[in-house]
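Paired with chain B in one complex and with chain C in the other, chain A is shared by the two complexes that follow.
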Partner chain A sequence: MATRALLAAVSACPRRRIGIKSSTFSSSLQFQRQESRIIARSFSSYTNSSLSLPDISRLAETARISLTPAEIEECEPKIRQVIDWFGQLQQVDVNCVEPAIRAEMEGGNLREDAPQTFENRDSIRASIPSFDETYLKVPKVLNKE
Partner chain B sequence: MSTTLFRTIQPNHFTLLTNALLRTRRTSRHISVRCQTSTTTQQSSSQQQQPRTSAPKNHGSNKLDEILKDYEAVIGIETHVQLSTSTKAFCSCPNSYGSHPNTSICPVCMGLPGALPVLSSKVVDFGVRLGLALNCSLSLKSKFDRKQYFYPDLPKGYQISQFDVPIASGGYVDVDIPLEFGGGHRRFGITRVHMEEDAGKLLHSDAGDYSQVDLNRAGVPLLEIVSEPDIRSGVEAAEYGSEMQRIVRYLGVSNGNMQEGSLRCDVNISIRPIGQAEFGTKVEIKNLNAFSAMSRAIDYEITRQALLYNQGQADQIVTETRLWDEGAQKTVTMRKKEGLADYRYFPEPDLPEVILTQEYVDSIRASLPELPEAKRRRYEAMGLGIQDVLFLANDVSVAEYFDEVIGKGADVKSAANWLMSDIAAYLKNEELSISDVKLTPQELAELIAAIKDETISGKIGKQILFELLAKGGTVQGMIKEKDLVQITDPVEIEKMIMKVISESPKQLEQYRSGKTKLQGFFTGQVMKMSKGKANPALLNKILLEKLNAKD
Partner chain C sequence: MLSTLQPPRSLTLLPFRRLHGSKTIASLASSSPTLDASSVSPPQSQILTTRRSLLSGETTASEIAKSYLSRIRLTEPQLKCFLHVSENVLKEAQEIDQRISRGEEVGPLAGVVIGVKDNICTEGMPSTAASRILEHYRPPFDATAVKKIKEMGGIVVGKTNMDEFGMGSTTEASAFQVTANPWDLTRVPGGSSGGTAAAVAAKQCMVSLGSDTGGSVRQPASFCGVVGLKPTYGRVSRFGLMAYASSLDVIGCFGSTVADAGMLLHAVSGYDRFDSTSSKQDVPDFESQFLSMDSFESKPLKGVRVGLIRETLEEGVDSGVRSATQEAASHLEALGCLVTEVSLPSFSLGLPAYYVIASSESSSNLSRYDGVRYGNQVMADELNKLYDCSRGQGFGGEVKMRILMGTYALSAGYYDAYYKRAQQVRTLIRKDFKAALDHNDILISPAAPSAAYKIGEKKDDPLAMYAGDIMTVNVNLAGLPAIVLPCGLVEGGPSGLPVGLQMIGAAFDEETLLKVGHIFEQTLNGSGFVPPTLPNVA
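Let's turn to the complex of A and B:
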């Protein structure tokens, strides 16, 4: 659940480049791609600011977790840390790099279209809290969100 | 199929004259509108290139025609196609419609911790196939994303979909508008085609305060096709939908069955005063389970929105999802949308990117069947009328049957006629499809040839057709067995005529005293005597001579 909230926080932040004064990066960051093409980047000279912190209670709502005001307060600095970290990442100038849409993996990762019944279906069904004959029973829902 | 549906629902037809007048007028207007919009909005290039050659169609409603003098509808369609793979998209659970509820499940499609999705190669194959059929550019690298929302039919809490890099994009589709709706050829842009998984099925019991969920469908592969907002009327929308159905059936990627939910269309529609460049407020219509319903829902929605405009209440048109109520024949509010839904998309970390090689794409392109549009143009070039063309190309199995029949050398027009009249009627009465009949294309070609070379009469041909359809067998065998060879010997026919005339002196007298209608009586008698085998032209010729002869 916590992971979901954080991911939600990250994706809820508007995409923009932000300068930070972190010293965790070397002044000239080098990034090596697999083809051993080396692209040098430098820090942008933007003034220091941070990505805005999302509304924590709204964030909790989208992740379907209930937080007390005290928990919200407790969460806030942690989420700010994460946001700030992404702020650092966004500072990197990637304009001249072809986007790597996914991490590169070995090929041949597709599956044959051959059906196979999962043997232990009964234990999955046994863990479903509420059954109405063969159907899962859930509170009446008619509208999304 | 769609054509017949339209016929039944659109009883009123404008006179040709009115139609023609409106058409000329609207054509010029639409062109000017397009020129304005092309600079401000993202209209598909295909539409800009193609000047509107046909006016918005005859809707069978004067009210709607009146409205369309002042307003233009802008319609885009999202089509979900359920793929006919053997397994779900990301796990090996069987993908079988109608299985016992909640039996086709596993840790992957149930979203259990630690379970990892693996994409089926067939889904990629079908995605490429459909992308190519819709004239799209393919992404040699595409990826999956998670679309987050919480709903009881979604076990994982997110749907695996493709967000910013779909497998195919930027295509188009060509359709022929049926003659009764003004005819003409239209091209609609295709924005994108992407791969995703279906959610489970929710059933809402009328009684009780709960809903039921069947997760057999959760994880079943879908292709979503998004059109450009190029569609302008209910008729065009229905024709676009029908073409999608034909294409997926021709390709064999889906059964395209709307009743089973294998093909689902959501319509986005707004209207704007003619001449206005900006789009109006967009409304989404769901729950359209037939193309005729789609057409009527759109016409209803155009009327509703125009009424609000005319009453100065355009602000009452809000971004919302409306449902088509088939019983009441109107759309009703399902839910208002407050801003854009926040799906918090991010790249699916459990799946690698989807990489296609150019060789792979080329091999699929080479294996594509002839598509509906190509078939229609080919049939047209053979000299068939557009009604015949649309009928034959509508159903892939009918088209294949027809192709086989003419492949055996049968006369094209006769083959089309037999298929469209007697065989179509038989299929309808018996509730069969062309693949169920026992008459092989080879024998239909034989039958047509036997009639053409006058071995048998057309009438006998019709009689044995039904027997062949139901029981099979060969035309030659049946002709021999039943001694059906047409009598074309004038002497023999004359003999029979003389016999009939001599047996009917009373009728002969009446005929000769001016009651010439009685010719039919004599024809009938001779036919009866010949067991339908007398050549009708020869029979009539000799009969007339004999009847009019003064002896």
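Let's turn to the complex of A and C:
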């Protein structure tokens, strides 16, 4: 990933002393150019995915989030750009690599399948927007078909 | 050559007392007497200083609490670190004073003023995760970490600002306010625990609890010039931490010194039956790492093997950050460490893998915010519309984007291509780290590719913002512990901007990180990392 010049500088140094000097400090503009290179490297290393582009309206419906047309217009290019960037993972050789759900964990941390009454139920009830005796009130469900 | 802003770094070990560490709490209030710094022989730690001065009667918890509250009042209009300041601070401080005067035992954190990130539940105090959907929400329980702090006598002074639900790297995505960096009020404090880091930097609290999913403790620690400690996944219970990405989230600690961050970590660590991912590993006595500098040998870190991650010093990293990291590596060598370069070939894959996993898991975790059982509800004539509108109006733009990306990555037909693949990449990353840590005691890198940037600079460009997480996300994917401590200044702001060195350890080896970090910090020559922009800074 590094430029040849940088690699040459590193290999020329004695193993222990990483003596790369710099004589200037970045302005924010210089940093913008630099950080766009981090992303550019990522962009250049993947090809177009064969998966179809996200349909934002459909996704919003699945996620139960209402978006105004202005919001869709604003976020659609950003989401597509990020999903496109995710596509570089397609290039990685993951043959015979087990997916890791999380960091290594000990097992056997399950509890008894027995309900316990929470002592501060009043506080839970106080947070419920619409409450009627033992029920949470919500509007009716309309069957959409 | 180094910036003229950086004081010449001597590689010999001088008994140098860091400016902010050598002052005591009492000197924050102008009317209180200042203790003679030379009488302080234990390591510089606000927690230990508070403990000692309360038990000896030099000061009271009420005096300490008052000085912090008045400091908050003075600095909040400029900084906006807090979303909520507790109304019970003085009452809790008085209770501690009464217990001490009655000769009763008080806990090891008695009188310590602590900030808590607003995605960590605090009973009866608003906990909003900086989101409108939880505006005014008061949890019915304390997070386990908060419960432990309170049992030990700590005083939660308030809830700190953050990016909404932890999604962001600048704290600009808070629904309520933007926090300013105490080093330069036109710059971001980092994120998502920006308010949490800035509050410690500005001495509005002594230590604070944050959360770290992809760097949200470590990057703001670097931007604000404080210590940020991310424990091993499972070290601290996540019960009461509002979940963003359950396989990556941890609760982390901020302090102005390594000793304080370590002691806070010790207080909140341990197995919790309410968190099935919490570890039963023994919690070592982190406090015993923090020896006074007088007892250091001439090469106190002799034989410690340090691996400098090659990929973190490449193109794209600010030259000032690179040179500060090189300097830090030299300093570690002078302390006796064996510093070599290591390579993590999967390093650059971490960023897209992280964002796939985080957005996927967050799309699931945030489905509980539907306006029915808690939070803001937007009434509608039909249930699905109630969900749509409550969520559409309650969530901010970045949160909505990530939920949609996660929904996409998890949908039928795409799950294998995105989420499963990212999990496989996670395995590769874990393997690389394990291999590197088999031959090294710790790994080091910058905490971020740059120092703090201007407010508004990255707001409209998600990929530019994500790029800043390159140094930190791999550590969350591997579940390892890491600490960030300030190691130098770069140009920018009224008097320079801090940059942090990140040290990464093997799983559950916070002890080594704290030992190395403490010795590094105590022997670092310089004027201390105290923001110059605030009035009455001790």
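In this section, the second predicted complex is superposed on the first by the 77 of 145 C-alpha atoms of A that agree within 3 Å, B and C clash if a C-alpha of one lies under 4 Å from a C-alpha of the other, contacts with A are read in each partner's own complex, and residues count from 1 in each chain.
The rule is simple: a contact is a pair of C-beta atoms (placed from the backbone, for glycine too) under 8 Å apart; a residue touches a chain by one contact, two chains touch by 3 or more.
Since this is a predicted model, take the numbers as computed values, not measurements.
Q: Have a look at where A:Gln116 lands relative to chain B and chain C in the superposition and call it first, second, both or neither.
A: first
Q: Contact-wise, after the overlay, does A:Ala60 reach chain B, chain C, both or neither (first, second, both, neither)?
A: second
Q: Using the superposition on chain A described above, determine whether A:Ile79 touches chain B (first), chain C (second), both, or neither.
A: In the superposition, A:Ile79 touches chain C alone.
Q: Which chain, chain B or chain C, is in touch with more residues of chain A?
A: Partner touching more chain A residues in the overlay: C.
Q: Once chain A of both complexes is superposed, is A:Tyr135 in touch with chain B (first), chain C (second), both, or neither?
A: Only chain B is touched by A:Tyr135; chain C is not.
Q: Considering only the contact definition stated at the top, list the common interface residues of chain A for chain B and chain C.
A: 10, 62, 64, 101-105, 109-111, 118, 121, 124, 136, 138-142, 144
Q: Tell me, which parts of chain A touch chain B in their complex?
A: 4, 7-8, 10-12, 62, 64, 101-105, 107, 109-118, 121, 124-125, 132, 134-145
Q: In their shared complex, at which residues does chain C touch chain A?
A: Contact set of chain C toward chain A: 1, 3, 123-124, 137-141, 232-234, 246-248, 273, 276-281, 308, 310-311, 313-320, 322-323, 326, 329-330, 333, 338-341, 348-349, 351-353, 355-356, 363, 367, 370-377, 379-389, 391-393, 395, 397, 400-401, 403-405, 407-409, 411, 413-414, 417-418, 420-428, 430, 449-450, 453-454, 457, 462-464, 466-468, 470, 478-480, 490-492, 507.
Q: So in the complex, which bits of chain A are touching chain C?
A: Checking each residue of chain A against chain C gives 1-3, 6, 10, 15-26, 28, 30-32, 34-39, 41-42, 49, 51, 54, 56, 59-60, 62-67, 71, 74-75, 78-79, 81-83, 85-86, 88-90, 92, 94, 97-106, 109-111, 118, 120-121, 123-124, 126-130, 136, 138-142, 144.
Q: Where on chain B is chain A touching in the complex?
A: 85-87, 91-95, 100-107, 110, 112, 118-122, 124, 141-143, 148-152, 157, 165, 202-204, 208-215, 334-335, 341-342, 344-347, 351-353, 355
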